[in-house]
Amino acid sequence: MFSHNKRLQYTVRVSETNPGLANLMLEQFGGPQGELAAACRYFTQAVAEDDPGRRDMLFDIATEELSHLEVIGNIVVMLNKGAKGRLAEGVDEAGEMYRSITGAGNDSHLTQVLYGGGAALVNSAGVPWTAAYIDTIGEPTADLRSNIAAEARAKIVYERLINLTEDPGVREALGFLMTREIAHQKSFEKALYAIQPNFPPGKMAGRPEFDSVYFNMSQGEGGAEVRGPWNDGAKWTVVSDRVHQAAVDGGDGGASVQLSKEEAQLLDAMAARTMSDPAAEPLTGAELGMTGAAASPVRTPG
Amino acid sequence: MFSHNKRLQYTVRVSETNPGLANLMLEQFGGPQGELAAACRYFTQAVAEDDPGRRDMLFDIATEELSHLEVIGNIVVMLNKGAKGRLAEGVDEAGEMYRSITGAGNDSHLTQVLYGGGAALVNSAGVPWTAAYIDTIGEPTADLRSNIAAEARAKIVYERLINLTEDPGVREALGFLMTREIAHQKSFEKALYAIQPNFPPGKMAGRPEFDSVYFNMSQGEGGAEVRGPWNDGAKWTVVSDRVHQAAVDGGDGGASVQLSKEEAQLLDAMAARTMSDPAAEPLTGAELGMTGAAASPVRTPG
Amino acid sequence: MFSHNKRLQYTVRVSETNPGLANLMLEQFGGPQGELAAACRYFTQAVAEDDPGRRDMLFDIATEELSHLEVIGNIVVMLNKGAKGRLAEGVDEAGEMYRSITGAGNDSHLTQVLYGGGAALVNSAGVPWTAAYIDTIGEPTADLRSNIAAEARAKIVYERLINLTEDPGVREALGFLMTREIAHQKSFEKALYAIQPNFPPGKMAGRPEFDSVYFNMSQGEGGAEVRGPWNDGAKWTVVSDRVHQAAVDGGDGGASVQLSKEEAQLLDAMAARTMSDPAAEPLTGAELGMTGAAASPVRTPG
Amino acid sequence: MFSHNKRLQYTVRVSETNPGLANLMLEQFGGPQGELAAACRYFTQAVAEDDPGRRDMLFDIATEELSHLEVIGNIVVMLNKGAKGRLAEGVDEAGEMYRSITGAGNDSHLTQVLYGGGAALVNSAGVPWTAAYIDTIGEPTADLRSNIAAEARAKIVYERLINLTEDPGVREALGFLMTREIAHQKSFEKALYAIQPNFPPGKMAGRPEFDSVYFNMSQGEGGAEVRGPWNDGAKWTVVSDRVHQAAVDGGDGGASVQLSKEEAQLLDAMAARTMSDPAAEPLTGAELGMTGAAASPVRTPG
Amino acid sequence: MFSHNKRLQYTVRVSETNPGLANLMLEQFGGPQGELAAACRYFTQAVAEDDPGRRDMLFDIATEELSHLEVIGNIVVMLNKGAKGRLAEGVDEAGEMYRSITGAGNDSHLTQVLYGGGAALVNSAGVPWTAAYIDTIGEPTADLRSNIAAEARAKIVYERLINLTEDPGVREALGFLMTREIAHQKSFEKALYAIQPNFPPGKMAGRPEFDSVYFNMSQGEGGAEVRGPWNDGAKWTVVSDRVHQAAVDGGDGGASVQLSKEEAQLLDAMAARTMSDPAAEPLTGAELGMTGAAASPVRTPG
Amino acid sequence: MFSHNKRLQYTVRVSETNPGLANLMLEQFGGPQGELAAACRYFTQAVAEDDPGRRDMLFDIATEELSHLEVIGNIVVMLNKGAKGRLAEGVDEAGEMYRSITGAGNDSHLTQVLYGGGAALVNSAGVPWTAAYIDTIGEPTADLRSNIAAEARAKIVYERLINLTEDPGVREALGFLMTREIAHQKSFEKALYAIQPNFPPGKMAGRPEFDSVYFNMSQGEGGAEVRGPWNDGAKWTVVSDRVHQAAVDGGDGGASVQLSKEEAQLLDAMAARTMSDPAAEPLTGAELGMTGAAASPVRTPG
């Protein structure tokens, strides 16, 4: 179970209110790379995890991410504090209120008009957070790689947000949050590599005739054709001939299914009923609507 | 630009129609770990990429994933072929049609009633594909890790699907698709580690006082407290004391903002107007609705 | 900040695995009336709240809801534990695995194939949780009413789930969770009525000529016309005459805007260009496609 | 403004309750081709329309679609009426309730557990209705074509639903609803062709060198290469040579932008920092995780 | 069934076009607290309702909300009328058009470029309306509370919109719409309290040992600990001791399930295969990517 | 299968970077009428199509749309190229970065902060692409009409985008893309009318007594009542009498279902338990919260 401590994990000191900056900070509150996504990702993994080490670690980090959600939420709320009062009390002249709401130049109007200056679980464009952001699939050699990647992404978004503000208190708190993503990535890396083997992920081996082939699918002038360790060297077989890229099983490259007699008959009936006749020369709706056609008696036979 | 070759990359041979199995296969057509997600992920990265090696590789793999989308789509369509004809021609008795539509035991009714036995870009629960599944953020040391994780997830889902069917043609084609995820993961790994340094991702260094700390946030009886390389050893400082987990900057753990005088006045006005008075003893709506209260004249003063 | 205690708030004892029941329980994990929705609702309100009493209460209840999320998540995971192992190890025959996956008769196939038997943040139909479920708007006299309603809804969904299972351990834990919704509703009621006045919500008064009018918009035979306290008595003015239901301001019931001369000219140009001519007698695409038309030489003038 | 008449536009007589059939009927209540989509589509067009004829027609049809929404909603509700009482009163044994909830073989569990046997604005897979289904763009020659297509789709889904049930009252009401889609399509066709010209849609002409070209992008063995009126005859220029399908403007087929000096320098800096070095021979995470690698001292340098 | 009267319920008189203001007004057209949500909420309840009084009232109010949707839609359309003509006729210079489209400072560019100056069912950030906004669950003591809360929220959003504009005609119409939310709330309150008892909602009683307990989950310095009627007085038992907040059933706070022998064996096999070995000292991908590591021969063993 | 050619289908030459314009161009990359929607629409139809002519055509056009997606993606990326470098290298002063990010006046902040200056699959408001945009239902006489409409919509959105920019290279490429939509519409028209009959779509005939009726549902002063070919002439029967618009089957306009005895009993029990008593005169929560009520001893009986 969870407990709450009234102190934040990191003190938040904001120099002045700024709803436009608040709106950008929402990326790490209700955005795809933000702290709710992180907390939900690790919490759902923890609950289903049977390995004692990973379970313990996942609860540790999930709980810390919840605490980070609170830190970034407080940054948003402090930056919006001026807007909150103005909006609730409604004492400004209407024109001034309109200018202040729309003047920040991004989606801060939403945070104000719809959310009253609070911290909503939306990204900086106002898109509501969705669990579609979470890619947990219940297999540790995949999920830990997903976690490593998620920490890397969150680190980058914090880096971008830090570059956007001169407010020292905001920068300091964001710097803490960014750094913790680095630490978490290190933990997940250790937990992944403490599973051996961990590649290929899962239990089933690949088919050896296809697991070291590189299909050179993009060719031609107009861009470089580059060979590097990702497609070069003794470990790779490169297939550039387009004929050999198709039907690599040696079959005809078609798709087929064995139908029952009744199934086949119904499909034939459908085919006959809905055939687009190649030999037709139909007049079409588009032609009825063309300017030139408009001069023709065909169009308005009435 | 793209070209299309009428042969599939892998021949699809299905033994008999089965709309329930078709529905499960949709996971890799329009599901979060499926081939559309893969193709869109690498294509969008390729278009924005300036590094010639990565750009070339990303177009190669994106194009192959589109070809895989076609293979899995053909598996779905072949498995649905019987349903398609029955539905379009509508010659069954209504009761039999109803039983065949609802009898598969999963969401195949949707594929049939709404999509007419086609291959829709939904997952096996009928949820439409969304670009929220794609986590590209435009920084290669993050995006390549995201790609590595995505390939690992897709590999696992294919493994699960293979375990669900005895149809040799379906198993063979799924085995090919699964194997290619392994090969792609290897390419992305090489491309990532060919960037040096690639950790921490991005340009900004972490704050050293926080990047090797492990906060032991989950404690108490009821579960194991495990130490492993993810939180143990010389590289980690473990903080288990809950007092030291809060306000780690040494501040008071509060959140503050400097308000203008006008902002402060408006917030005070709002606070006064909306205070929940701790000294009140209010009768509430819930009490009006309780059974006992119903006996009281207060409730229906009429 | 948050801490985690390895013990659950309520012990979960499940008698036997049942992925179909697990799937139904997801309603209160990742469904619209479930515990993530509750936790996020109160947490976001708490972070933005300035009133000390409500802030304290909201953090108390948000934290408890997170603990409930863990309890319901553990119920889901325990019910899925058998499916998790079978799926990961893949030792069943394919046909048997298929039957076990699809046999539960609801969306448990998704939890298994996509989520590996974990507890995903989706509802029982597999729809990912979305922050669109949260209706916080940053005004306490509205938000507390929203909270009261949310607790009432969650209570009902728990009641329905309890009726679905005979497993005594699951019933007991669900009964605890259901009861806590009652307790939370009582707290929110008290906090609402401790604000005085709290109706109408917000700061702006209604227009007195319209705030006690009841428009009788649904009329005619085919259903009862009922008068009760919601539209009857001295406090209500009922308007049943349909003429007096329209343009209640006494105007012409139209919509108008003052356009600049240039705006008016452009709209006129658009109108002329896109007029659907009432005097036309056009042949249409539909007519080209009718069976009867098919016999006509008009259709294939070629 | 709208008024409501307590009689339905079409009498609904259902022979017996059936929550599984109710669930399928939701396609036309809250599904993408359903009546809410139709009503919202025409209503939003009507409100913005300046052409008096189209505006009048759009309000007529929008209002009828709302009335159809009520008819299909009543079908759903009647089919669910038995489930509603059982669920609310909870008098069945739990095991029997579970079997009745999950036994219908599709997503009817959701309608019952979450929606209490009501008519929810979801499709038959439980996906909430979204305005993303509506493709109105505010240009009549496009919107009328969208409406024509929408009516055609709705007609087909009704046809499929009729084939699913033997209940004469349900079939009769569905037959009425299906027929009205035909009538509406005819009206929209007339309104479209009463605009002259209406093709190409909009105001801007196409570039003549490209508006009658057909690019033969899909080639090769494995499928038929068919010529018909859509790509054959005097009106079409077919380009099959793949060299002439690229860079059809005669340029180099590249993408370029003129950068300022500062922009170019920053991009160069980024490129240098993030280059995937083609000459590297990096050890990767995947290799650290391979079984064979596990035997190597490299992996655990401890 | 529904009928449409060509007069609006309230006359709309707009002083001048303003696409930025139009965009904000979308909150009450296609936003979560807007009129479509209200109409759909009450309409779906009405259709499923068996109580004659509530059914009549719900149809009355649903129909009025549809009429309000038309009023707010007309406000949006009038404010966008200038943009509509400019966009359709395209006679401005491109630079001027661009400035006018992007100059409003919120999401009005979407309404113009995608929706052609119409009234789209999106909120002010362009997010499509979703039925996820509707929280109807088919139980009147919950649904009426949801309706009460929904009216309160809508009232507040109208209050905020009124504060944003000086246009007297817009303010007057918005004032009417706001006032009607007050009247509707009053009706729903009467209908709720005319059910006795209505608390706790539903049929099942809570467990008495838990329904008057208040868990004090948020503690510590950094914020006020406040007691008020929501957690104070004879009716409440407050539990502040964190030991007594966990495993409140007196159990061990764990989660367990009785597994079959086969299930247990498979889980053991999975555990062994996927253990993160606490005793490992693995080299990780992160270390391969660190700057310092880059100097090491380990990285490029080639 | 697909192949990729490194040359674009149309050369992209951008004069200068402009992230605000890039954001608007996203409409045709990840927006509802954009190229991903087009490619997915035709690709999914092609995979399921059995008619050789349509299948060939659909693959041809799907492949071209993928190539267009690449063209518009390159336009977005080139316009964002300056932002990409500034953001990644972070060398600007924070204040300047903030102004450049928020200054474009639309949602370009999202493309930059979240997507790093790439081309994300979102529309110009930042809403992620969803397969809900695709209306394929697997019946050619409906799907071809949907394709015709989709091409018309895409043509219009390109027209609007062309009007927004003076950059000759961007205008030229957009003009090519717009023109191709015209050509595609022509192909789909031909394929539709080459099916005979194609109206009404599908296999089932309408009920003749209802397929030529026009219900005049919108009446009254306040707007024109217009007769045109869509509701006028020998082919139409217009029903304006509102009595004859209801219960058009001649029934009572009610909805009924035959219940089992047990079902009826449970519904009666529910009705009795949840009746809103018309004769009640309940005090409500709203009254408890009114200012006037606040003076009453009823409110705080404590």
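Letters A, B, C, D, E and F mark the chains in the order given here, with residues in each chain numbered from 1 onward.
Note that a contact is a pair of C-beta atoms (placed from the backbone, for glycine too) under 8 Å apart; a residue touches a chain by one contact, two chains touch by 3 or more.
If you're wondering where the values come from, they're calculated on a predicted model, not measured in any experiment.
**Q** Determine the set of chains touching subunit D that also touch subunit F.
**A** Looking at subunit F and subunit D together, the chains touching each of them are A, B, C, E.
**Q** Over half of the interface residue numbers used by both subunit C and subunit E, so same, or under half, so different?
**A** same
**Q** Superimpose the Cα trace of subunit E on the Cα trace of subunit F, which carries the same sequence, then give the rotation angle to the nearest 5°.
**A** C-alpha superposition angle, subunit E on subunit F: 120 degrees.
**Q** Averaging only over C-alpha atoms, locate the centres of subunit A and subunit C and give their separation in whole Å.
**A** Each chain reduced to its C-alpha mean, subunit A and subunit C end up 23 Å apart.
**Q** Between subunit C and subunit D, tell me the centre distance in angstrom, where each centre is the average of that chain's C-alpha atoms.
**A** Between these chains, centre-to-centre, one finds 21 Å.
**Q** If I count partner chains per residue in subunit B, which residues reach a count of at least 2?
**A** 1-9, 32-33, 53, 59-60, 63, 67, 74, 77, 84, 88-90, 104-105, 107, 114, 116, 122, 125-128, 130, 132, 137, 139, 141, 148, 156-157, 159, 162, 185-186, 189-196, 199, 203-204, 217-218, 220-223, 225-226, 228-230, 242, 245-247, 252-254, 267, 270, 273-274, 276-278, 280-288, 299
**Q** Quick one: which bits of subunit B touch subunit F in the complex? Just the residue numbers, please.
**A** Where subunit B meets subunit F, its residues are 1-9, 30, 36, 40, 43-45, 47-48, 59-60, 62-63, 66-67, 69-70, 73-74, 76-77, 80, 84, 88-90, 114-122, 128-132, 134, 136-139, 203-204, 280-285, 288, 298-302.
**Q** What part of subunit D is in contact with subunit B in the complex they form?
**A** Answer in residue numbers: 20-21, 23-24, 27, 31-33, 104-107, 123-127, 156-157, 159-166, 171, 217-223, 225, 242, 245-246, 253, 267, 270-271, 273-278, 280, 282-287.
**Q** Taking the complex as given, what residues does subunit B use to touch subunit A?
**A** 5-17, 32-33, 52-53, 55-57, 59-61, 63-64, 67, 74-75, 77-79, 81-82, 84-86, 88-89, 91, 130, 132-133, 135, 137, 139, 141-142, 145-146, 148-150, 152-153, 155-157, 159, 162, 172, 175-176, 178-180, 182-183, 185-188, 190-191, 193-194, 199-204, 206-207, 210-218, 223-226, 228-231, 235, 242, 245-249, 251-260, 263, 265-267, 269-270, 273-274
**Q** Write out the stretch or stretches of subunit B touching subunit E in their complex.
**A** Listed in rising order, the residues of subunit B that touch subunit E are 141, 189, 192-193, 195-199, 220-223, 226-230, 232-233, 246-247, 252-254, 276-282, 285-291, 293-294, 299.
**Q** Mind listing the subunit C positions that touch subunit B in their complex?
**A** Contacts found on subunit C: 1-8, 50-51, 53-54, 87, 90, 92-95, 97-98, 101-105, 107, 109-110, 112-114, 116, 122, 125-128, 139-141, 148, 185-186, 189-196, 203.
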